[in-house]
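For clarity, chains are labelled A, B, C and D in written order, and residue numbers in each chain start from 1.
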Amino acid sequence: MDKKEFIAKRAAQELKHGDVVNLGIGLPTMVANHVPKGIKVLLQSENGLIGVGATAEPGKENPYITNAGGGYITVIPGASFFHSADSFGIIRGGHVDVTILGALQVDKKGNLANWMVPNKKVPGMGGAMDLVVGAKRVIIAMEHTAKGSHKILEECTFPLTAVEVVDMIITDMGVIEVTDKGLELIEIAPGVTVEEVQAATGCELIISDNLKVINVA
Amino acid sequence: MNKVTTVKEAVQRLKSGDTVLIGGFLQSGAPETILQGVLNYSDAKDLTIVSNDTGTSEMTTIKIMQQGRVKKVIASYIGANPVTGQMLMDNPESVELSPQGTLAERIRCGGAGIAAFYTPVGVGTIVEKGKEKRTFNGVDYLLETNIRGNIAFIKATIADKEGNCFLKGSTKNFNAIMARAADYVVVEAEQIVEVGELDHELVTIPGLFIDAIVQSEGQNG
Amino acid sequence: MDKKEFIAKRAAQELKHGDVVNLGIGLPTMVANHVPKGIKVLLQSENGLIGVGATAEPGKENPYITNAGGGYITVIPGASFFHSADSFGIIRGGHVDVTILGALQVDKKGNLANWMVPNKKVPGMGGAMDLVVGAKRVIIAMEHTAKGSHKILEECTFPLTAVEVVDMIITDMGVIEVTDKGLELIEIAPGVTVEEVQAATGCELIISDNLKVINVA
Amino acid sequence: MNKVTTVKEAVQRLKSGDTVLIGGFLQSGAPETILQGVLNYSDAKDLTIVSNDTGTSEMTTIKIMQQGRVKKVIASYIGANPVTGQMLMDNPESVELSPQGTLAERIRCGGAGIAAFYTPVGVGTIVEKGKEKRTFNGVDYLLETNIRGNIAFIKATIADKEGNCFLKGSTKNFNAIMARAADYVVVEAEQIVEVGELDHELVTIPGLFIDAIVQSEGQNG
C-alpha cells in the first residue's frame, strides 16, 4: 500500500458519525475516500460550504462549487453554502469537530508549523491558523520524516501556525498522541520497530503500555 | 434607481491611492470583467489591494500588479500569484498577511461599524507582532482592526437593476462581505434582471450595498 | 390638518430618491404615507428586512413578514430579509441614509433622550441607540412640547440615547437644524410666530436669516 | 443523523442555572412550542434568559418567569413583558439591557469565537457604565463581550431531519444567530422534511448547528 494511502486510511478511523470535518489540501483530502462504512461525516470547506461530496467528474464541473484549493467538487444532499465570514465563524466558533492537516513540523508540546519555510517564498497561512485554533480536535496526517530529516521535534524551528493545538499525529510509521507528558506512541505500523520510529523522531517518545499495530485492512 | 452601467464608466470611480477590495476565492467568483476594465480603462495607481489570494497567474490582478500600480497587498494566501510573493520578498512591509478568518472578519467589521475585535487566531505566531494581546476567561486573544475599502469589485450570479444580488454556491466567499465594506461597490453580474424577478429569499447581498452593476463577460462561476 | 400628519408630511420632504430609511414607531411611521411623488426610498426595519411596503390589510396578514413593532406588513419588489446581526450591520455600518425618530428630549448640542423616563418602568432601548449612532442623518419628528412642557432643551435631563447625533428637529411649530453654534430655526409653521416657537423651546434659538414658512401643501 | 425528537425529550437538556438563548422578535419566530414544553416538562430554575424582548404578555416566556424560575434577563426591549419590567424595578442587577445591535453582535460573536468587540453604540449613555472606552481613528467605542448559551431554543419554518433550517421572511431575526451560539440547540420547525428536500441556497442555518428538532405546534410565523 502507498504510504499516503496508508496514512489516509488510518486517519479516517478517527472520524465519528456526525462529525463536522475539515480536511487540508493534499494527503488529508484523501481521507475522504476512506471514511468507514456506516459513518457519515460532514465535510466543510473553508471557502464557504458544508457537505462536500466527491471531486467533480471531468466534463461535469459545476463552476459554482469549488473547494478551498480551487478544485471543482460536488455536494451531498443537505449541503449548504455561506460567505467567508460565516465560514470562519463555524471554524473559529468551535463548530468543526476534527480538522486533519499536513505539517512541516510538530513538536512535543503540540506546537504546529505548517505554513512557511524560512527563506523560501511565503505562500501565506490561508485558513490554517484559524482551523487549528478553532477545531475541537487537530490531527496531523503526514509522512514521518521529510526525506529522512525529522519533522516531529523537541521544538519547532519554523514559524508556528499555532501553539499547543495538535492532538494526534498519524504517519506512515505510527500514531502519536500529544499528552501533557509529551508525545506518546500508541500505535505502530506493521513491520516497523519502536526503535525505528524513535530514530525517525526528533524528540523522545513515550511508548504506550498498550502499544498496538495499526490495522487499516 | 437603475444602477446598470458600463465597465468603462464604473472603473472611473477608482482613484490613485485607493484601497480596493477584490472579491472571489482563487478563480471562484472573481470579478474578472471589472478587473479587465481597470487594466484597459483606468490609470489609477498606488493602489492597496485587499483580496483573499490576489488570484492566480492566469487571472487579471497579477497583470495590474505587473503594471506597477499596486503598492500594498492585504491577503491570506498568495501562493498562486508569484508577483505578490515577489513583492513580499522585496519589501516585507508591502504585503500584510492575515489569517483567512481574521481577514474575513476584519472586512465584515469594516462593513458593520465594528472598529476592532479579539480573536484567538494567531496567538504565539508572527501574526501577533505589534498587536495587543489580552486574556478573556483564561484564553489569549489578539486585537484585530477592521478593514474598509474606498471601492469594492465583486461578482454575482444574478443581479437585479437595483443591485439585489444572488451569489450561487461557493461564489459567495469574500464577495458577500466586501460588498458591505466599501464606499463604492461595483458588481459584475452574469445575468441582470428586472427588480422583483429575484426571489426575496435568494438575495445574498441587498441592493442597498451596490452602487454600480455591469454585465459580466466571464465564464460562469 | 392634524399636527402629527403635518409633521410627517414635512419630514417626508427630507427624503431623497434612493435613500435607505428607518422610521421609528408611532408618528415617524406615518412619514411613509407622504413620500413625495417620483421619489423611491427603501424602508428598513431593524428586525430584519429592507423594502417595507404598506401595512397588511386585515385578513391578509403574512405571519412571516412583521416590522419592529410586531405589526404585519407587506414588502415591495426587491425587498430582502436578514437576521438581526446583519440588520444591525447595515445600521451600525452607516448604510442607513436617514432615520426619523420620536424623542422625549433633544438639546442644543444634538443630544437625544428617547428611551427612558426616570422613575418610570423602563422599556429598554431596543434598536434606538444603534440607529441614531449608525444612520448618516438623524431627524427627530415630534410635537414641539409635551403638553406645554419643553422637549427642546439647553441640556437633556433624561438618560441619553446618544451624544450629539441629531441633525434636524421637525415639529408642529417649525424645522430646526442642529448646527455647531446651536439650534437654528430654518422654517416656521404657518400662523405661528418666532416668539411663540422660542417660548415653546427650552434654549435660545438662532433664527435663520432666510427663515421660510413650512409648505406641506 | 436523524435529530427529530419530542418536545418532552428535548427540554430535558435544560438544567438549573443554565443560560438560555430564546429566539424570535416579539411574536415573530418565537419558539412557543418548546417554551410550552419547558413550562410543562422541565423544572429547571435559576435560569438566565437571553432574548431580544422576552416576548409579550400573551406568550410563554412570561409564564416561565411567573413561576420564579428566571434569575436574570439579558434583553434590548422589555416593554411588552411587564414581568421583566418589574424584575428590573425590584432588582436592577437582574436585568441587563443591551442595545439591540450590540445584543445581536454579542451573540454572533459568541458563536463565532470572537471574545469581544468595539462598538460606537452606547457611548455617553448609561450603557457605557463599567465598560472600557477606547478611541479608534478619533471615534469613541465601547468594548462589549460575547454571549453564549448552554442551550438555545429557536424556531424554523422548515427543517430537514439533519437540522438544515429555512427561516422565512423576517423570522430569521435572533433565531439565526442564537443557533450558532449555544452548546445545545433545539429547533421547532413548522415543517420537517427529508434531507435533500430543502434547496441548498435556502438554508438559513446549516444543520451542523442543530442538536434536536421538534415539531412546532404554533401558528405560522
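One rule holds for everything that comes next: a residue touches a chain if its C-beta (ideal position, glycine included) is under 8 Å from a C-beta of that chain, and two chains touch if they have at least 3 such contacts.
Remember, predicted model here, so these are calculated numbers, not experimental data.
Colleague: Could you tell me which chains are in contact with subunit A and with subunit C alike?
Modeller: B, D
Colleague: For the pairs B-C and C-D, output the one whose chains share more C-beta pairs in contact.
Modeller: Most C-beta pairs in contact, of the two: C-D.
Colleague: Mind checking the centre-to-centre distance between subunit A and subunit D? Centres are C-alpha means, answer in whole Å.
Modeller: Each chain's C-alpha centroid was found; their separation is 35 Å.
Colleague: Nearest whole angstrom, what separates the Cα centre of subunit B from the Cα centre of subunit D?
Modeller: Roughly 32 Å, centre to centre.
Colleague: How many Å are there between the centre of subunit C and the centre of subunit D, using C-alpha atoms for each centre?
Modeller: Roughly 29 Å separates the two chain centres.
Colleague: Multi-chain contacts only, two chains or more: what residues does subunit B have there?
Modeller: Where subunit B meets two or more other chains at a single residue, that happens at 105, 108, 112-114, 119-120, 168-169, 200-201.
Colleague: Using the touch rule from the top of the page, what residues of subunit C touch 2 or more other chains?
Modeller: In subunit C, 81-82, 88, 91-92, 134 touch at least two other chains.
Colleague: Using the touch rule from the top of the page, what pairs of chains touch, sorted by label?
Modeller: Once each pair is checked, the touching ones are A-B, A-D, B-C, B-D, C-D.
Colleague: Give every residue of subunit C touching subunit D within the complex, in rising order.
Modeller: 45-49, 62-70, 81-85, 87-88, 91-92, 111, 121-130, 133-134, 159-163
Colleague: Give every residue of subunit B touching subunit C within the complex, in rising order.
Modeller: 1, 108, 110-114, 160, 162, 164, 180-181, 195-196, 198, 200-201, 203, 206-209
Colleague: Going by the contact rule set out above, which residues of subunit B touch subunit A in the complex?
Modeller: That would be residues 25-28, 52-53, 56, 75-80, 82, 85, 88-89, 97, 99-105, 107-108, 119-127, 157, 168-177, 204, 219-221 of subunit B.
Colleague: Taking the touch rule as given, give the residues of subunit A at its contact with subunit D in the complex, in rising order.
Modeller: Per the touch definition, subunit A meets subunit D at residues 17-18, 20, 40, 42, 44, 50-51, 75, 77-82, 88-95, 134.
Colleague: For a test of understanding, state which residues of subunit D touch subunit B in their complex under the given definition.
Modeller: 105, 109, 112-120, 136-137, 139, 141, 145, 166, 168-169, 200-202
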